[in-house]
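Dropping the structures in below, format is structure tokens.
Consider the two complexes below, in which chain A is the common component and chain B and chain C are the respective partners.
Moving on to the complex of A and B:
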């Protein structure tokens, strides 16, 4: 019996552009769509449709309890922009993004260099550093929530012993403590993950490049700055995109550890969406408007960073 | 290959330093495990070591078995759906030229660009419209969606790497296209299937945010139940039960992770990972 793959061979075997007509091509088209049907259905129902819905919601008066009550564009957007919390949330989210990325990237790179060579001890190290990646952000946050508690956590006692901290006080009780407590959690949870990405990048650098550098008498620092880092640029760009977008969308860790507090000092943008919808305003229209803004912002950030990444890849 | 090969081998100082790093990463996990069975005031375990906190956890709300069951349903359904979608979709993109193929692949990749935080508000309304309100299966499908770009990319590469002769031989032997796919091609890409399954399973097992938006307490998976348990008694937080919950949630994930670590790393090698 005739089959799509053999057909393709025959068609392509003739050279030039593949023939797009005829019984075989039609059969291939039909089979292709058949295999792609589950993907298409999932994307249509749970990806395309919600995007259409969120745009419609953002342009409607739509409360949590009352449901849809007709269009009101651009009222939801003006209300979002008029909210004094928005500026603070954007500022805090950006600060958090810069801090986590600035710590995670060099740390992951350093760890990757440290454990890259394949030895038994290193494979133990790798597993130990990677282990937190198996935890969800929610369970890791709950873990640190207990760890930071004055009741059963050891951290308070340690800080008290070092001095300058009262054992009875709450680590997450001050804006600085809440921010850095969360940063420590996120670094612990993600360091191994980014380390692994960096290791994959390092392994793609051919060994003879290092050999050549060694013969030329390049020292360790020189090799690192003139060979490793430039050749690792695509990997560095990719990990940076992931860290930046991940941090911009932070939710679980702050919802669980700080609830945006104290005094809304650790409110992120994505938490604000939840707040509009379920807590302060109970207004799904406003929440949808902010969702649309986040969506557009992230697509722009992603596109911009992907472009940078592609330029990095071309340089190679 | 390594920049550090010559001087790093077998120096005691290196071992101490790197050992310290390993301890830093392992310590929070070990602490939670110990703390959950240690005596602490304000918990169910006030004197001596024991499983008092686990008893509290077991009896909380609808009961630990109910929440574990919900988590398990989410994870198993999401994994099954992801395998079906990514295997069939990956095969379609690897082997067939069909009208709209590039556009569809573009949409698959664009799922990566769209933050799922922005889709939860509309999903809240939309799931009700399509009869999947407060549905574990519905949430499993949503969780699958976010694994689709990675999964399809991974499976497409896996199928592309199989020689066409393998399919042709199966077809000559009388298999239909689907028979060849099922009996010959799928077994050949099994490692990639394990990777996709593992990533999806872990993501669904650990999910908190999607469940928070889309599920009620009756259908809460364990992470959501644990967070609610902590908030329930204002002021008096039972940290003991919280640590016990973290242990119950973490151990299955860790075991799976350690057993399939090789496949986890493979996912990174494919260049298709997106957190």
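Moving on to the complex of A and C:
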């Protein structure tokens, strides 16, 4: 019986080409799954599971100290939407995102143009501009907190000397001061990083394209607008996604510098999540509900931006 | 070409992110594992001797960093005189809620937990503390302990907490500045109006950097510590009995805010940065000698008597028309629900409540004791001004509400918004509508 089966299999294996390729494919399939397994497991445990937990949390009564106490959908979402602070937080986060992106992107591009060719001082310049990126955002925020401090920081004295500011007042004490103080920190911290990304994009543009442009008699401005910028579009789109997503999720810098103040004027959405969970409501359900809303919003925003990225690729 | 680099990079970032997440998850899991004790076999509290058990067990305890000095003193003296050893961990003030929350979820609370007294009602309601009614009632000197911290941990008649560190607020003034301003340096304010007048007199000195008074405008916690005693002293009750309703729209409250508004509109009336002060440095201006008169933590001022370069006067915080009160702040202490060393933990608590311990831990170090006998008799060698603060404890109060933190203490709380609007707002709103904002949080 056993022999017969073996023979049969061998015969079929020899003669039936489709069958053989089928088994081969199955084996290949299995091997493929095996290769993919570590990544899949990692994805399932680290990305999918937390999202499932957060979604479950957002649909349950789940307090910080009391734990899970059964489903209550959609109560958490109603409570989040009823919070008068939500609108202000969304408005401020969008404003902050627009400001940082509008400053960071052109600045990083300009810096990249400035240092892309290897001249004598450029490697030094590059390092100097990139150095703040090596600092964690929390450490950088603490550094600026000290710099802005009216008690120990030098900035107050400098502003006072220029004459635009009273040395006794606090830079982070007014809504405008708190916003721009944070923007300065973020630009300082991230300009070098985005410059590096832009440089990689610039260097990927083949030199002969520029040569051809020069032969055709294109000037500097013409080269920039018709060659550099269009060919850099995918890089621009990618850095834009990173900057927008990063700014929409801003937390550390505000948590350390302003705590959302003065008078809740610099409250970002993620800070509101933190507050719901640990400070005011101590309600993980509400915090999870807002997190889910942020997740959905980010997926939509990124989908639009990825589309822009793909258009850039097609043009190429 | 460019696209490939881009996707590669994104992929690398994703891997990095995954690695970071894996790391944090591992830490989280480790946290769960280590705290996974054999729950469920808690010892019989009923059989416990009145003074607990001292058998050389190691007891864990959490307190918060601002009270490091007092907590260290208590633990060191206990450890050197007992078989039991208390292991103290200090949490950063801002991380307390998160850390306690995480510990509850993972069953990792210490045996003894001390916390800001305004957080205690919420913790008690959430079942963090063990019911100690029988033990507390059996304390020989229970009536002699300041009652605010016991009341804060009382829920439905069951008592859960005792006073750990008492921190009270007093009125202090700079006698040197008073003399310059032509005021009697020995007579502090006895009514709120006198406080405003005296502050304005100092402001009128028109000296560079010198102000009449100071307020921590962006710190809800410091604002209740400094302003509520004025209302209590006036015979007002800013919160109802259940802590579900704010009553900050009384005539006395209106007078209070009008007085501060007057100071804010006076040049140098309230020190620079009062409106923006978040509480981190609110005691510094007076310490530097640039503030005439203000409310101050008693524990902080006792340290200034010798070190300050100017003379300091101390008085109780006055009400609007006389009377006085103080804020019974600081930390209360209890035994956590999941503790497996209840008898040993109670031994520490019972010892701490004794006259002897209160004397050694607090009075001898010029800190405020929680025990009225020690407060009255234990400070013979201390500065007489310490005694003025001590005498206010019996009239002091602790505001008790389950949602107190969200309504008053949290950054940007409705209470902070009320104070900001009433004192510095361009067009101050009706006090009663702002009061309703606080009530809507308290009543949740």
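What we mean here is this: the second predicted complex is superposed on the first by the 275 of 316 C-alpha atoms of A that agree within 3 Å, B and C clash if a C-alpha of one lies under 4 Å from a C-alpha of the other, contacts with A are read in each partner's own complex, and residues count from 1 in each chain.
Quick note on the criterion: contacts are C-beta pairs under 8 Å (C-beta built on N, C-alpha and C of every residue); 3 or more make two chains touch, one makes a residue touch a chain.
Since this is a predicted model, take the numbers as computed values, not measurements.
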(request) Give one of first, second, both or neither to describe whether A:61 is in contact with chain B, with chain C, with both, or with none. (result) neither
(message) Quick check on the superposed pair: does A:134 touch chain B, chain C, both, or neither? Answer first, second, both or neither.
(response) first
(request) Could you look at A:42 and tell me whether it touches chain B, chain C, both or neither (first, second, both, neither)? (result) both
(message) Between chain B and chain C, whom does A:281 touch in the aligned arrangement: first, second, both, or neither?
(response) second
(request) Using the touch definition from the top, say if A:124 reaches chain B (first), chain C (second), both or neither. (result) first
(message) Under the stated touch criterion, which partner chain does A:200 make contact with: chain B (first), chain C (second), both, or neither?
(response) both
(message) Tell me which partner touches more residues of chain A in the superposed arrangement, chain B or chain C.
(response) B
(request) In the overlay, answer first, second, both or neither for which of chain B and chain C A:151 touches. (result) both
(message) Give me the intersection of chain A's contacts with chain B and its contacts with chain C, in residue numbers.
(response) 42-43, 45-47, 50, 151, 200, 277
(message) Under the definition above, what is the set of chain C residues touching chain A in their complex?
(response) 1-3, 5-6, 9-10, 18, 21-22, 25, 97-98, 100-101, 104-105, 122-123, 126-128, 209, 218, 272-273, 275-276, 278, 281, 284, 405-406, 410-413, 416-417, 420
(message) Residue numbers of chain B touching chain A in their complex, please.
(response) 1-5, 8-9, 15, 18, 21-22, 25-26, 28-29, 31-32, 35, 40-43, 81, 84-85, 88-89, 91-93, 95-99, 101, 104, 107-108, 111-115, 117-126, 130, 141-142, 144-145, 148, 152, 164, 167-168, 171, 176-177, 181, 202, 205-209, 212-213, 223-224, 226-227, 230, 237, 239-240, 242-243, 245-246, 249-250, 253-254, 256-258, 261, 265, 268-269, 271, 273-275
(message) Under the definition above, what is the set of chain A residues touching chain C in their complex?
(response) 42-43, 45-47, 50, 63-67, 85, 150-151, 166, 168-170, 172-174, 200-201, 204, 231, 234-235, 238, 259-264, 267, 275, 277-282, 309, 313, 316
(message) Under the stated contact criterion, what part of chain A meets chain B in this complex?
(response) 1, 3-6, 8-9, 18, 25, 28-40, 42-43, 45-51, 53-54, 57, 62, 111, 113-117, 119, 121, 124-125, 127-139, 142-147, 149, 151-154, 188, 191-193, 196-197, 200, 203, 205, 207, 210, 220, 223-224, 228, 242, 245-246, 249, 251-252, 255-256, 270, 273-274, 277, 284, 287-288, 291-292, 294-295, 298-299, 302-303
